[in-house]
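The structures considered in this document are given below.
Next come two complexes built around chain A: one with chain B, the other with chain C.
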Partner chain A sequence: MTAPSANQDFPPPKILTHPSTSPPTLITQGAEGRLYKTTHLLPTLPCALKYRPPKPYRHPALDARLTRARISAEAKVLERCWREGVPVPAVYAMDAARGWLAMEWIEGVPVRVGINNFLGEGEETQTKGEGELVDLMKRIGEAVGKLHRTGVVHGDLTTSNMMLRPRSGTQVNGESEATGRDDRVKVLEGEVVLIDFGLATQSMSDEDRAVDLYVLERAFASTHPRAERLFGAILDEYKTTFKKAPSVLAKLEDVRMRGRKRSMLG
Partner chain B sequence: MTLEKIQLEHVPSNIHIYATLFRDVSNADFLHSQLLARNPDFEYAFVDASSVISRFHLLSAVYAAVNALVTGTLRTPNVHSEIVVSLNTNNNIADAYRRWGITPGKTKDLIVVKVVVAPEVSSTETTSSPTKDKPTTQEQQQQQQQPEDEQQSIWTHLTTHVKGTPSELSDANLAPLTDWPKVRKYYRLNAVPALAGCKDDEEKRRQEERLAVMGMALKGL
Partner chain C sequence: MDITKKRRRIALGCEGSANKLGVGVILHEGDLSDPSSCTSTVLSNVRHTFVSPPGTGFLPKDTAHHHRSWFVRVAQQALTDAGLSPHEIDCICYTRGPGMGAPLTSVAIAARTLALLWNKPLVGVNHCVGHIEMGRAITGASHPVVLYVSGGNTQVIAYAEQRYRIFGETLDIAVGNCLDRFARALEISNDPAPGYNIEQLAKKGGRVLLDLPYAVKGMDCSFSGILTRVEELAAQMKAGQGKGPDGEPYTAADLCFSLQETVFAMLVEITERAMAHVGSSQVLIVGGVGCNERLQEMMGAMAADRGGSVYATDERFCIDNGIMIAHAGLLAYETGFETPIEESTCTQRFRTDEVLVKWRK
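Coming up: the complex of A and B.
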C-alpha cells in the first residue's frame, strides 16, 4: 500500500490534524507548497489552505524565515488587492511561522478548464460561441488591468491561476436564460478571480507589468493554441481598464523581441 | 441558558469554547475591576459588543487566540487576553483593551468568551493500551469534569456576577449593537475602493466584515 508512506512523506500541517466536520482534501502538491480544501471556523465555510512545508535540505532557521516571509507576502498582496477591488480570494487567517494561509474558497473551475471544456476535443477551430470566448478574454484583461493598476504584478499569470466563479444567482437566472442558449457556452460564464500570489510582488514598473503580460501570452498560446488568435481581446480590455496600459504594451513589444531572440539562440 | 458551547473547525477536542452575550450590563465597573485585580475566578474574555461586527468576526479572533495557545505563541498572558488582542490590527495590547475590552462607565453590551483547556486524552495512549477497560483510565475519566457540569458552572458564575440580560450570541442580536463609525475607524474601512461600488447594504456589511478579519489576520504587515 502506498497511502501510509505517502502520508509519511507528506504529513499535513499540524493545524489540519485537529478535528473538523469533513476531512481536508489535498487539491495540489506543487514544488513550493500544497493546497488543501478544508473548512474554516464553521462546517459551512469552505476554505483554501495553502501550506509551505519545511524544506529538510535548508538550514532550519533560514527555512523558517523564508517560509514566514513568503506566506506573509502572499497574504499581504491578497489583502491589498482585495481592498482595491481586484477580484481575489479574501484572507481568513494565517500562521506565517507555521507556514499556512487560509483563504476564501473560490467556487468554479480554473479558467484553463473552462476554456478547454468549451473548445472540446474537436480539431477544427470553433467559431460558434466565439463571442462568449472573446467576452471571457475581456474579463481576464479587466482583472489583470485592475491588478496592475493596484501596483501588483502577479509573477505567474496562467489560465490555471485564475478561477471562473459562477455568479451568485446563476441557478435562478440561468434556467430561464438557458432555454434559448447553447449549453456549450455556459462553461465560459462567471467572474474571473485571480489566485496563486506566491510569486507576486509590488511593482509599478512597465517592464515588470509587460513581463507579466508576456508570461500570460506564452502560457495562453501553449495551453490554448486554438484560441491564441483571440489573445488580443485580453490586451484590448487591459487597455480600457488601466490608464497606463499604452506604455506597458509598448514595453511588451520589447519583451516579446527579447523572448524571440532568446528562443533563437537557445 | 444562553451560554453555548462552540465547536470550531480545526481546534483540538480538549479545548472547550463557551460564549454568550449580556445586554444592558449595569456592573461593567465591577467586572473591569476584577480583571485589573487578576482575580482568577474571572478568567474570561470580556468584549464590548459595540466593537464587534458579527459572530464570524468574533470567532475569527477566538480562533486566532486558540491557535496561539495551541502552538505556544501567545503574545499576551493568557488565551482570554489573546482574544481581545486578536481583534486588533496590530499587537498593541493597551490599545486593544481600550477598543475591544470592557470600558468602565461605557460598556453596555458585553460578549463573554471562556476557553477551558481540559486534560488531553492522548490518542496514542488510548489505542496502545493493551486492555480495553483499564481501571486507571476510568478513574481519570471520572475525575475529569463532565462537559455539562463545566458549562453549568460557568453559566452559574456568570449569571451571579454579570448584571445584565443574557442573550444568544447570534448575528441578529449582535448587528444592532455595532457602533459602525467606531468599527470603521478601527479597521480603516472608510474610503476603501472595493466598497465604493457596493449598492446593497447587506453585501457591504459582509465585505466590511471580511476586511476587518483580513486586517486582524495580517496584523499590520
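Coming up: the complex of A and C.
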C-alpha cells in the first residue's frame, strides 16, 4: 500500500486494504468523513470513497445509528438525483454498516476554492469580473432548483459542498484575450456538481426548502462576505428553474425573520 | 489623556442581560502600537445570581428587580477587590444586548449613573463578543472556531474580515434553554444552575441511551423537537410507565444522560463541520453551557481527532460576568469607540456579526 502517512494517521476502511484496490490517496478529512481517491472495477475508473469512521466523542449506540442512517440516506438520495438529472456524482457501491460509500470522482475544485481564488486576497474586487461571478451564482441557483424540483433537500448547502467541474474541452487558449478575460475568470468556469448528501432528506415542504436556502445564504455571508451581495442571482435563477419557487421564497422571508428574532436573548 | 498613549488602561464592566448580575474590573497594560506587548489582568470579578425556585424560570421583572437591589453592593465589592478608587478607571462598559429587556435596562441605567457620577466615558458592549474576547484572552486561543452556548444563544462563530461571523446556530431554542426547561419538567434545582445539576445527575445514568430526535441541518441545529420528546419521556416516567429499549424502567439520571449525549453530539458535530469549512483546528467554547465538562470532553476528543485542541474556561468566565464586558469594552475603547450618554440604550436583539471588530486584523 502507498500513502503510508495517511494510513498511519487514519486507518482506512477494510475495503481499501484489499490487494485488488488501487492505492488510495487521502484527499481530505472533511467535516465528518474522510475522502479517498481510488478506483472502482477498472484501474482507469477513478472513484471517490467516502468513509465515516466511528466518532470517538459520540456514544457508540448513537454513533452507529447515525453513521448507518447517513450512508444509506446519502446513497439513496444520490441515486434519485442522478436518475432525475440533478448534477451529482453517480453511486458505485456502499456498505452502510461499515460506513463507506463509493461514487464517481468529480474533477475540479470545490466552489469555495474557486470563489476564493477568484476574489483573491485584495479588497479591490468590486467590479472586476463581476459578470462571471454572477454567472456562477446562476449555475448554483439552477443546480439547487433542480435538486428541490426532485423532492430532495440537501441539508448542508455550502460552497464546500459543491464542485466546479471543468467542462471537457474547455482549454485555456490565447483567444480569450479578445473578450478581456484572464485566468482569474477561468477559475469560475465549469459545471456546478452538488456533493455531500449526508444530511439530505426527501422533502417537498416549503419550510425545508426555505431552510436549505437560508443555510446557503448564511454560508455565503460568512464564507464569502465580499460576494454576499450577489446572492440574489442564485435566488433569481432558482426561480427560473423551479416552478414552485415563489412559495419557497416567501417562506424564506419567514425563516430569515425568525433568524433575526432569535438574537433576542444573550 | 489620550487613551491610546496610556500604558495602563482600566475599565469597569457591568453585565445583567439574564439572571446573573456581574461587575468586574480589568487592566490592560502595554503599548497599543505593539500588540505583542499588551497584557490583560483581571483585577476583580464579582457576581450575584438570581435563583428561581425549582420548576420555575426567571421572569424579566423579578430579574430586573434583583439586579437593581444588588447593583450597588456588587459594584462596591468589585472596586474593593480591585483596590481601586473611581478616578483610576478609564471607562465604564455595559451590556447593550442581546438579552432580556428589563434586566438589560436596569443595568444600563446603573452604568450610566456611574459614568455621570464619576465623569467617565461609557462603552456599550455586545454580550456575545464579550464572551468571545474573554475566552480568547483567558485561554490564549488565537484564531479559534467559537462555540457559543448559553441559555439564550447557540452559535458557531469564526472571525473573518473584522467581524465575528455566524456559521451555524440554532433554528429554534438555545441549547441552554432546552436544558433549563427540561430541568423544570423534572423539578431539578436551579441552584447553582439547572445545567450543572443535570450534569451531576447524568453521571449516575447511562445504563441506556434513550432514542431522541437528532436534528442537525448543516451547521445549524434544532432543539425544540428533542425538548418535546424528553418532556414526554419525563411525564411517562413520572406516571411509572417509562421503559427503555431494554424493557426496564429508566430513571431521571438516564434521561439527563441521554439528553446530554444527544445535544452535545449535535453541538460537536456542527462545530466540527465549521472547523472543516474554515480550515481551523482550534475550538473555543464560551457561554454558560460551556462549563459542562462532558461537553468539553467530547469537544476535546473531536478536536484531537483533527489534530487540534479545545479551549474552555471555568465558571468564573464561562458564566455571564462583568469582567468580559469590561475587557471587550476596553478593547473597543482603545480603538476610539465610545457610546455617548444620549445613545446609551440597550437592545434585546443584537447579533454578534453586527459589531465591527476594529481591534483585530
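Here is the rule we use: the second predicted complex is superposed on the first by the 226 of 266 C-alpha atoms of A that agree within 3 Å, B and C clash if a C-alpha of one lies under 4 Å from a C-alpha of the other, contacts with A are read in each partner's own complex, and residues count from 1 in each chain.
The rule we apply is simple: contacts are C-beta pairs under 8 Å (C-beta built on N, C-alpha and C of every residue); 3 or more make two chains touch, one makes a residue touch a chain.
Model, not experiment: these values are computed from the prediction.
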*asked:* Is A:L35 touching anything from chain B or chain C once the two structures are fitted on A? First, second, both or neither.
replied: neither
*First (chain B), second (chain C), both or neither: which does A:L26 touch?*
neither
_Partner chain in contact with A:A75 - chain B first, chain C second, else both or neither_ = first
*asked:* For A:L199, using the defined touch cut-off, is the partner it touches chain B, chain C, both, or neither? Pick first, second, both or neither.
replied: second
*Can A:A64 be said to touch chain B (first), chain C (second), both, or neither?*
neither
_chain A residues contacted in one complex by chain B, in the other by chain C_ = none
_Footprint of chain A on chain C - complex, ascending_ = 17-18, 95, 97-100, 127-128, 150-153, 158, 160-161, 163, 165-167, 169-172, 174, 177, 209, 214, 216-220, 261-262, 265, 268-269, 272-273, 275-278, 297-299, 301-302, 305-306, 320, 348-353
*Residues on chain A engaged by chain C in the complex (per definition of touch)*: 29-32, 55-59, 61-62, 66, 112, 155-158, 160, 199, 211, 215, 218-219, 221-223, 225, 258-266
_Residue numbers of chain A touching chain B in their complex, please._
14-16, 18-21, 38-43, 45, 72, 75-76, 78-79, 82-85, 90-95, 97-98, 104
*If you look only at chain B, which of its residues touch chain A in the complex?*
8-13, 56, 59-60, 63-64, 67, 70-71, 73, 192-194, 196-197, 210-211, 213-215, 217-218, 221
